[in-house]
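Each of the next two complexes has chain A plus one more chain, namely chain B in the first and chain C in the second.
Here is the complex of A and B:
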């Protein structure tokens, strides 16, 4: 079943939905990156919750006018209007009063959603039977989707993605250097509004697939995940888009493959799985990489301390140090140094003496600041400088075992 | 205002009022400390905890739910800290990752398990069932002194009442340290306060209030009560004592007016059925905030810039 779903064998609608979810995921990942870079990730939470009253009012309006209340295009239009209203409220509260943005976000999302819940109960009493389907917009449901709706979602995903690609350059500029953007004639506030417009578009398109409560996850998790893999903004955008796209596609496919697998949560959890993988496996910032780095560092410290101890003919008791020395062939398992070990130990001790000289002499101040107890002196000083230092120490003396 | 009111409306109104106060009081400090969205995060992450507690015990009793919610909250805090430190990611985004994922997990668990026999579904988690917390054993006002009838009160009432008392007690005992550390954390640390522990205690108290309120009134109203009354109160005055008093007044007005409008408003308009009380309470608190934003005497920002 799952393989069928992943290879788009589950029928025309499921295929359209999977493609739409993938396009939506890409748009969400890219748009979310700019929100993340502007440190405004949670504004999207307010926007997405604020869609509910608009959806309900659109339903009521369409139903009273005699149409089909569940017309997806109409519901999407209504959600866009009330999402925009919610965004305006956040802006007014956070700019015109002394309340901070987080309070504005929380107030708008809870009040709009609360009002939406009131309208939902109105709809329930208004016309029993016809209201079915609105609940699906909370958490996303693609089961039994109409062909027209699937088409709207696929088209909406494609249009959003096109808009994202068009606005990518000004958004990058504003995210990193608002002053420079202003100086070349880009108004950061206009670009910010456009970013928010894209967030609205993602939310509106995602209503049916992901649902308005969880769409914020598709905007936040991909950029955070992408940040693990790269330090470059252009790459963060690309990777975030890819992660969003994969989550949307795989999530929609898994959800279509079995009953009682709600689409929204599945997409979000797929995304979260990718996040957890990245958290552990990313090459630079991942947990595994950090652990390996720590182990390498530990090994160098132990080897160095072991060699210095050998050079000064002190016994080595620390088990890890003994294991490491033995594995490198520098000492026998009982801690007695081999010939190679003696040579390395002498070198280590001599380097230590050289560093002491370096620390004393003012002309080596720069080099001395690089001393961390592990750095090989050859990587800091030229061989001429080293022989100069050796001259002040005197010739090498053998180490007796 | 006869027997029918006591049976059907008295307990929901009281629960609404107690919830509103229990959430609004710590909310004052959360709003001032720019941690307003903690209420949002908590009310999302407790869902999987409550669902798991239900799946393990098979009941929706008080203690399993409380323990499940607490475990989920602790897990969320650990996850957020881990993601923030390991990934060097700002708190807002780390919070966003954790609370959406845990909520998604909770929803999935709910959909996959058979919870049709109990009051446990996604809508209930979001919207609560304030209207259904009626006092069937009451026969009228005289039931208030009848021990037999009092024993039939919904357990949520006592739970949220004790929670409110606990919150009031916490603020009473730690008023001065909270006030000082909220407005000048550096000074608080200089005079030897453990501001980290105090901030954590505030979050824990907020979490307890959120969980106790969660099963009675749903998560949306919890978020609204944490933020809207304190935010509106903040625009009314410059003194913390007055702000807290205002926030309690706003919270109580929201709870009563919201419940009455939801229960009786549609009847006045010629309708036949009540609308969601929790949603209406949130709506009323939002209207109060809107009025404060438009007319509040202290709404202007003084000193700090808009970006602050």
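Here is the complex of A and C:
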């Protein structure tokens, strides 16, 4: 069943939803990256909650004018207007008053959402309201998705992506260093507003599929996940887009494969699964890698300290150090160095002296910055450079008075 | 001419009209965070091709003056002209090196990516980064002695190395006026030497360098002009005539011992 869904064999509606969700995931991940890099992830929460009153008012307006209150384009327009209003409120509160942005977000989020819920109740009492199913927009509801809806979502997603491509440089610059950006003629406030506008567009486009409460997850989890895998902002954007797209597609397919599995939450959970995998398994920044690196490093430190102690004929008491020296065949279990141990110890001491020279000479700065007390000097310097350094240290000497 | 009126209002001798050839001319500049001015009615005329240190005690408005000159903070009053024209027209000729503490160094970027930001104007919105751009960036890195670090993540750099990357980014802009905010703050000796060498070579090429500087003992060695500030302007001019004990006393008040001031001024004399 799931295989059928993944290969788009599950019928017209499921196919529309899967493709729409993939597109939404890509644009959410890509757009969310700039929010994440700018450290303003939570603004998206205010924006998304602020859509609700607009959705309701649009419904009431369309229904009273005799049209179909559920028209997706109309609802999206309404949500965009009230999301914009919410965003402006956050900006004004955080810039013109002494309140910080988090307080502004909290206030706007709850007030707008509360107002929206009141309007939802009003709609329930309207004659046309009972079948409205507007609460489906809270958590997404794809059951009755129309071809026209899918087209709107696809077009919205594509336009958002194109705009992100166009604005990626100024958005990256402002996220990294707003003061510098100003100095070369980029206005951070304008760029921020454009970023927020894009986030708003994604939120509005995502209403139907994941709903306004969960869209935040699709904006934030993909970039956070992507960050585990790369140190380049351009790659964060690409990977976040891929993660968002895969989550959308797979999540929609899973939810289509069984009855009564809600699409939005399943998409978010799929995304979260990718996050957890990355958190543990990412090669550099992952938890597991960090743990292993720490253990390996600890062992090397102990071994090195042990060798330096042996070289200076000091006794080694630390149990871990003794165990490691013994395991490497550098010392007997009682701490007495073997022949191999003596040789390695002498080399370790010599390397320390060499590093001292490296630190003194400015031409070796690149190498010196790699010094961690453990690294073999041969991995950093050529043998010519090492003999040059050895010349300044001088060969083994007898003790002079 | 509001700035002239303003200057007159505050009992300043009315400043001469902005010198058209000055790389950076400031008239009647006041900036305030809240109700207390950080800098008040400042006039400055930076000499072309000079190396100018902006010097003053903590909280004297040194960085603020620089930021206001660049439009990073908006002034309450005053005008700034760059090469005789408004900043927006001449922006391409100005490069700024912010304090390195002002950003998050865990940002996902490599050293070369940061330097490439200096080419933003050239690249535009959609231009691709070509080999020629990369070569320019590497050249700039080599001028600050950081070629080996091009592919490193910026979070792995020491403070001094971060500062040099920032300088390399500014070099990539090929500007005529360089404004640096505390370039020597918290850096190692090797970095300090690398930076001052680069700044002197900029001066030798006829470019103008203005730096916020907090180490009084190196002012005479590094700079040829000095701008003393303590919210208000104290003095401005060549180091030999301006970096005097009287002016230092005015700028620092009781914060420096008399002996210390004499010593510094003697070094300048």
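Here, the second predicted complex is superposed on the first by the 290 of 401 C-alpha atoms of A that agree within 3 Å, B and C clash if a C-alpha of one lies under 4 Å from a C-alpha of the other, contacts with A are read in each partner's own complex, and residues count from 1 in each chain.
Keep this in mind: contacts are C-beta pairs under 8 Å (C-beta built on N, C-alpha and C of every residue); 3 or more make two chains touch, one makes a residue touch a chain.
Quick caveat: nothing in here was measured; it's all calculated off a predicted structure.
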Q. Is A:110 in contact with chain B, with chain C, with both, or with neither (first, second, both, neither)?
A. first
Q: Report for A:214: first if it touches chain B alone, second if chain C alone, otherwise both or neither.
A: first
Q) Between chain B (first) and chain C (second), which, if any, makes contact with A:175: first, second, both or neither? A) second
Q: Once the structures are superposed on A, label A:281 by its partner contacts, choosing first (chain B), second (chain C), both or neither.
A: neither
**Q.** chain A residues touched - chain C or chain B, whichever exceeds
**A.** B
(Q) Between chain B and chain C, whom does A:265 touch in the aligned arrangement: first, second, both, or neither? (A) first
Q. Looking at the overlay, what does A:233 touch: chain B (first), chain C (second), both, or neither?
A. second
Q: For A:146, select first, second, both or neither according to whether it touches chain B, chain C, the two together, or no partner.
A: neither
Q. Does chain B (first) or chain C (second) touch A:61, or do both, or does neither?
A. neither
**Q.** Which of chain B and chain C A:369 touches, first, second, both or neither
**A.** second
Q) chain A residues touched by both chain B and chain C? A) 39, 227
Q | Touching residues (chain side chain C, partner chain A) in the complex | A | 67, 70-72, 88, 91, 94-96, 98, 102-104, 107-110, 113-114, 117, 120-121, 123, 125-126, 145, 147-149, 153, 158, 161, 169, 173, 179, 190, 193
Q.
For a test of understanding, state which residues of chain A touch chain C in their complex under the given definition.
A. 37, 39, 165-167, 169-170, 173, 175-177, 179-180, 182-186, 227, 230-233, 235-236, 362, 365-366, 369
Q: Would you tell me which residues of chain A are touching chain B in their complex?
A: 36, 39, 41-42, 45, 92-100, 102-103, 105-107, 109-118, 120-122, 125, 135, 138-139, 213-214, 216-217, 220-221, 223-224, 227-228, 260-262, 264-266, 268-269, 271-272, 275, 279, 285, 287, 290
Q: Spell out the part of chain B that touches chain A in their complex, as residue ranges.
A: 31, 34-37, 39-40, 83, 86-90, 92-97, 100-101, 103-105, 107-108, 111-112, 122-123, 126-127, 220-221, 223-224, 226-228, 231, 234-235, 262, 266, 271-276, 278-283, 285-286, 289, 293, 296, 298-302, 304, 306, 308
